[in-house]
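Scrolling down, you'll hit the structures one after another.
What follows is a pair of complexes built around subunit A, which joins subunit B in one and subunit C in the other.
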Partner chain A sequence: MKNKFFPIFIIFVFISIFIIFYKGLQDTNFYTPETKVNNEIPSFSAELFYSNKIVNSSEIFELNKFYLLNIWSSWCMPCRQEHSLLMDLTKNKNIEVIGINYKDTKINAKNFLNELGNPYKKIIFDKDGTKAIEWGAYGVPESFLIYNNKVKKKYIGPLNNKIIKEIRFTVK
Partner chain B sequence: MKILKLFLIIFFIFSFNHLKANNEIIKNKITKNLRCLICQGQSVYDSDSEFANSLKVLVDKKLNEGFSEKQIYSYFKDKYGEWILYDPKFNKNTYILWLLPILIFLIGGAIISKSFIIKKK
Partner chain C sequence: MLYSVIGYYSLILGLCFGLIIIYFSVKNFQNYQLLDNKILSFTFLQFFFVVISFLCLILSFVLSDFSNETVFNNSHTTKPLFYKIAGTWGNHEGSLLLWLFVLTLFILIFLLRSKKQPTKYKILTLVFQQMIIIGFFVFLIKTSNPFNFLYPTPEEGLGLNPILQDPALAIHPPILYLGYVGTSIIFSSALAATSLNIINKSWASHIKKWVLISWIFLTLGILLGSIWAYYELGWGGFWFWDPVENVSLMPWLALTTLLHCILVLEKKLILTSWVIILSIATFTLSMCGTFLVRSGILNSVHTFANDPERGLFILIFLFCLIFLSLLIFFFFHKNNKNNFTSLFWLSKETSIIVNNWFMMYFLSVVLIGTVYPIFLDVLSSQKISVGPPFYHKLIIPFLIPFLLMMAVGPKLKWIKSNLKDKFYLIILLAISILLSFLIVKNFDTKFLLNTILISSSMYLFFITLRDFFIKIHNNISQNIAHFGFSLLILSILFNNLFSTEIIANLKVGETFQSENTKIVFESINQEKEKNYQSIIGNFSIHNSKGKIENMLPELRIYNQPNIVTSEADIKTTLMSDKFIVINLVQNQDYFNIRYQVKPFMIWIWLSVVLISFGGLMSFIKKEHEK
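Up next is the complex of A and B:
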């Protein structure tokens, strides 16, 4: 009796292990932090890129207005790709684009903006990357749609036409 | 008198060193307990990525501002979620993780004790 069921049991065990591992292969194990929607924007003091003034984040964002906060850097290739889309977005009067310059030197960043144009109303200079952490970001590029001091949406990675369309639709 | 002064100066230097070292130990402990989100399977302490380096700077800043270890953990948990901590809390999502080893231990114990009882018979 025992001998009869034993091989079947072993085969069953191996098949179930195989299925588990096979499923595991298809799973991506990259973790992306959960996007908490309607989260209050963080409050911090930051240095502005051009004027070198120290401001509080609450002075940058006004109520009843849409903002797109874009974290960028001159050394980041995807930022270069999405830049034309940001330039396009500046034509829209309902939204302002705010930049966070992430771990960059001012010379490189200025060259980048001179070459591709400056879509940003204001730029926060984030030399050591700590301001981006306040936002819960972990790389470049990342964008946040902000309304009434709340994060409405978070976009990880470069923006694309579909996202821009979505943003346009939201701010209308 | 001179010797006393010198002694005092040396004493102060060493005592400050100790303070700094103490902070360093806590910082290392905290960064070892934080997961680097862009490098898989590495702690912030082990990693040299841009993200991890900024996190280290921020932990340093928070410690200097007088944050406690727990406050720093909850600060990062607030920003990035539970995943950033290497020590997940016991809740409805993690109870299997915590209870499975105990369960396996009990089942194993049951099997062993059962086979012993059978042998005795």
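Up next is the complex of A and C:
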């Protein structure tokens, strides 16, 4: 009796692993970019990366101004790819780039910025990842175009030239 | 253009031969005498067509034929010839073709080398192997064809990712694949042997060579990847517990355990279930690695392409193989009932079994750390990433009994042993504890754990060292491998304990002074190379003894794709590595300097080479036995 039960149990375990992997595979591509668009940005208070000051979100985002909020992390490889685009974007005076440093250590993050440059006007330090959740982020990297305290557009995954062009066009 | 066509149709022909082989084998399984030569020639033809296809892809890369999509995506005319060739397997499609090449090569060698084995067993192995081969053929042709056309033909390619343009990384995939694919032979052969119920001493002796050869290549492949990460990624570490590294470590752990089980099985008919399950596990873990890395389900340093279709294919294929092997295992495997009653507590095989359980523990830690984020994501939509602290906390404490067992185990006899004449074991243990106490004394961090860890690895070190001088007739290959392992753990420990690091931002002409090191940024030079521009910093390092050393770290700005990589300058001596890397600080004349002194770095590499050399010795010995 016991001998028959064991193989069935093992096969059952593997079937459930299969199902989980299968779902995991689909989830990676299940992005819903519509959510949170044109919504008010969340209000929160957070620690700033360099000064360690606690600030309110209203102090960061002014009205009548474009912001690109970029969620990044030193351990995230796609962030490395999109970083040069963010650096380019800093040359544009109509928009400010704000960073959320997601689940990172300060040393690694500083090394990352020293290596690739710092495009961010301000960086919110989000050690436990809760701030990113308030923004409804799916993961890193992710960027939000913000105007008048509203999310105008959300970009999931690394930025590319096409998106940057679109942003440039919007803020003109 | 022409080569793409030839390459593509060769692939399809190769697939056809795979189907023909299976058809013939199954149809004529009973009167198999007819089959012997036919099957060999079919297998050879299949291999031949894969070679043609592989050569065509290499030629397309060498000739920079951008009408081929793979070439367009991964090559560029200004790339040196060496990297054009290496670029062939530096991408998803090409690396799969390489995988297929090794698969067909290995089954051919297997057929040629096992003439003396029973024909039924050979045919069955071939059938299982062909199932894998056909699976990969279909995968390649359907989802990742390396010969896709591009029209109109682009003028210039997108270039190979610069961090992949490195000699260590150029040979890393082929070596690693030899190891991975070698496990497929073990898998098929174990399934065949199980179905025919011939898992016994002679089978163990026959498959041992394959276990050894895949183990050697897998070890070297992991080593090359690690060396590359050390000097190319510029983080100064050599193991990051990245998913990609983990998926190569898991088959290695399973394969190492399998190797030890085979050693036991060669002497005594026990552990048959272990051997079968591990043979299956080793290959499925290699496949699982391919799935996790290629499907984009995990984000990692070298996820090639995020294509869900590919992931789905590998996933289904992987689980078909798993279920097939489970079925065969449950239906055909008959366990000897008096299996463990014959084990004496103090014997070589008992110590091997104990350490096997430890290995399985390490394996499950790595496995859980790698797949847990996926499970959590699916079940609760939480995103986490598992970092080094998890692995360190769970693995390091258990290394201590593992090392002790590894030291004492080989000293015991097969079947039954006693503790007579083992006095030197205790003396050596005392010496190692004393020595490590003296070494660690000056450091206050984690004093107890470090002392015990270092003493247990020193214990293994001394015991294996003693054996080199005393018992020449003894199993020298095992001794070399275990000696290498103790050296590896020791150098990793010392490396962690005694590394120092200086991080500073400097301008040309400035000096950084710390307690016992002075770093002077002398000058900066620019040079133009074929496919990149390089900025070389000239530093002189003054240490406390007044010795001056010049170091030249480099920044490379590649033209296609436009990426900056930093090449560390590393001065290696037997005692320590001096590692310096520079990075640009944006919009400023400052450079970010990272200078590290890492003791015993080279010993980490050397000890792994030593470990695989032990395997090679064993392989050669095996070859000469016949």
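Here is the rule we go by: the second predicted complex is superposed on the first by the 139 of 172 C-alpha atoms of A that agree within 3 Å, B and C clash if a C-alpha of one lies under 4 Å from a C-alpha of the other, contacts with A are read in each partner's own complex, and residues count from 1 in each chain.
Please note the rule applied: a contact is a pair of C-beta atoms (placed from the backbone, for glycine too) under 8 Å apart; a residue touches a chain by one contact, two chains touch by 3 or more.
Keep in mind the model is a prediction, meaning the values are calculated, not measured.
Student: Who touches more of subunit A, subunit B or subunit C?
Tutor: Partner touching more subunit A residues in the overlay: C.
Student: Touch test for A:52: subunit B only (first), subunit C only (second), both, or neither?
Tutor: neither
Student: Name the contact category of A:77: first (subunit B only), second (subunit C only), both, or neither.
Tutor: After superposition on chain A, A:77 lies in contact with subunit C alone.
Student: If we overlay the two complexes on their shared chain A, which of subunit B and subunit C does A:136 touch? Say first, second, both or neither.
Tutor: So A:136 only meets subunit B here.
Student: Output check: A:128 vs subunit B and subunit C. Expected answer is one of first, second, both, neither. What do you get?
Tutor: first
Student: Considering only touches as defined above, state whether A:64 meets subunit B (first), subunit C (second), both or neither.
Tutor: A:64: touches no partner chain.
Student: Of the two partner chains, subunit B (first) and subunit C (second), which one does A:22 touch, if any: first, second, both, or neither?
Tutor: A:22 sits against subunit C, while subunit B stays out of touch.
Student: Quick check on the superposed pair: does A:103 touch subunit B, subunit C, both, or neither? Answer first, second, both or neither.
Tutor: Both partners.
Student: Give one of first, second, both or neither to describe whether A:161 is in contact with subunit B, with subunit C, with both, or with none.
Tutor: Once the two structures are laid over each other on A, A:161 reaches no partner at all.
Student: For subunit A, what residues appear in both contact lists, the one with subunit B and the one with subunit C?
Tutor: 29, 103, 129, 139
Student: Over in the complex, which subunit C residues touch subunit A? Could you list them?
Tutor: The contact residues of subunit C facing subunit A are 291, 295-297, 299-301, 303, 306, 308, 311-312, 315, 319, 322-323, 326, 330, 374-375, 377-379, 383, 385, 503, 505, 562, 566, 583-587, 592, 594.
Student: Residues of subunit A touching subunit B in their complex?
Tutor: 29-31, 33-34, 103, 128-130, 132-136, 138-139
Student: How about subunit B: which of its residues touch subunit A in the complex?
Tutor: Touching subunit A: residues 37-38, 40, 50-51, 53-55, 57-58, 61, 79-81, 83-84 of subunit B.
Student: Residue numbers of subunit A touching subunit C in their complex, please.
Tutor: The contact residues of subunit A facing subunit C are 7, 10-11, 14, 18, 20-29, 75-78, 84, 87, 103, 111, 114-118, 129, 139.
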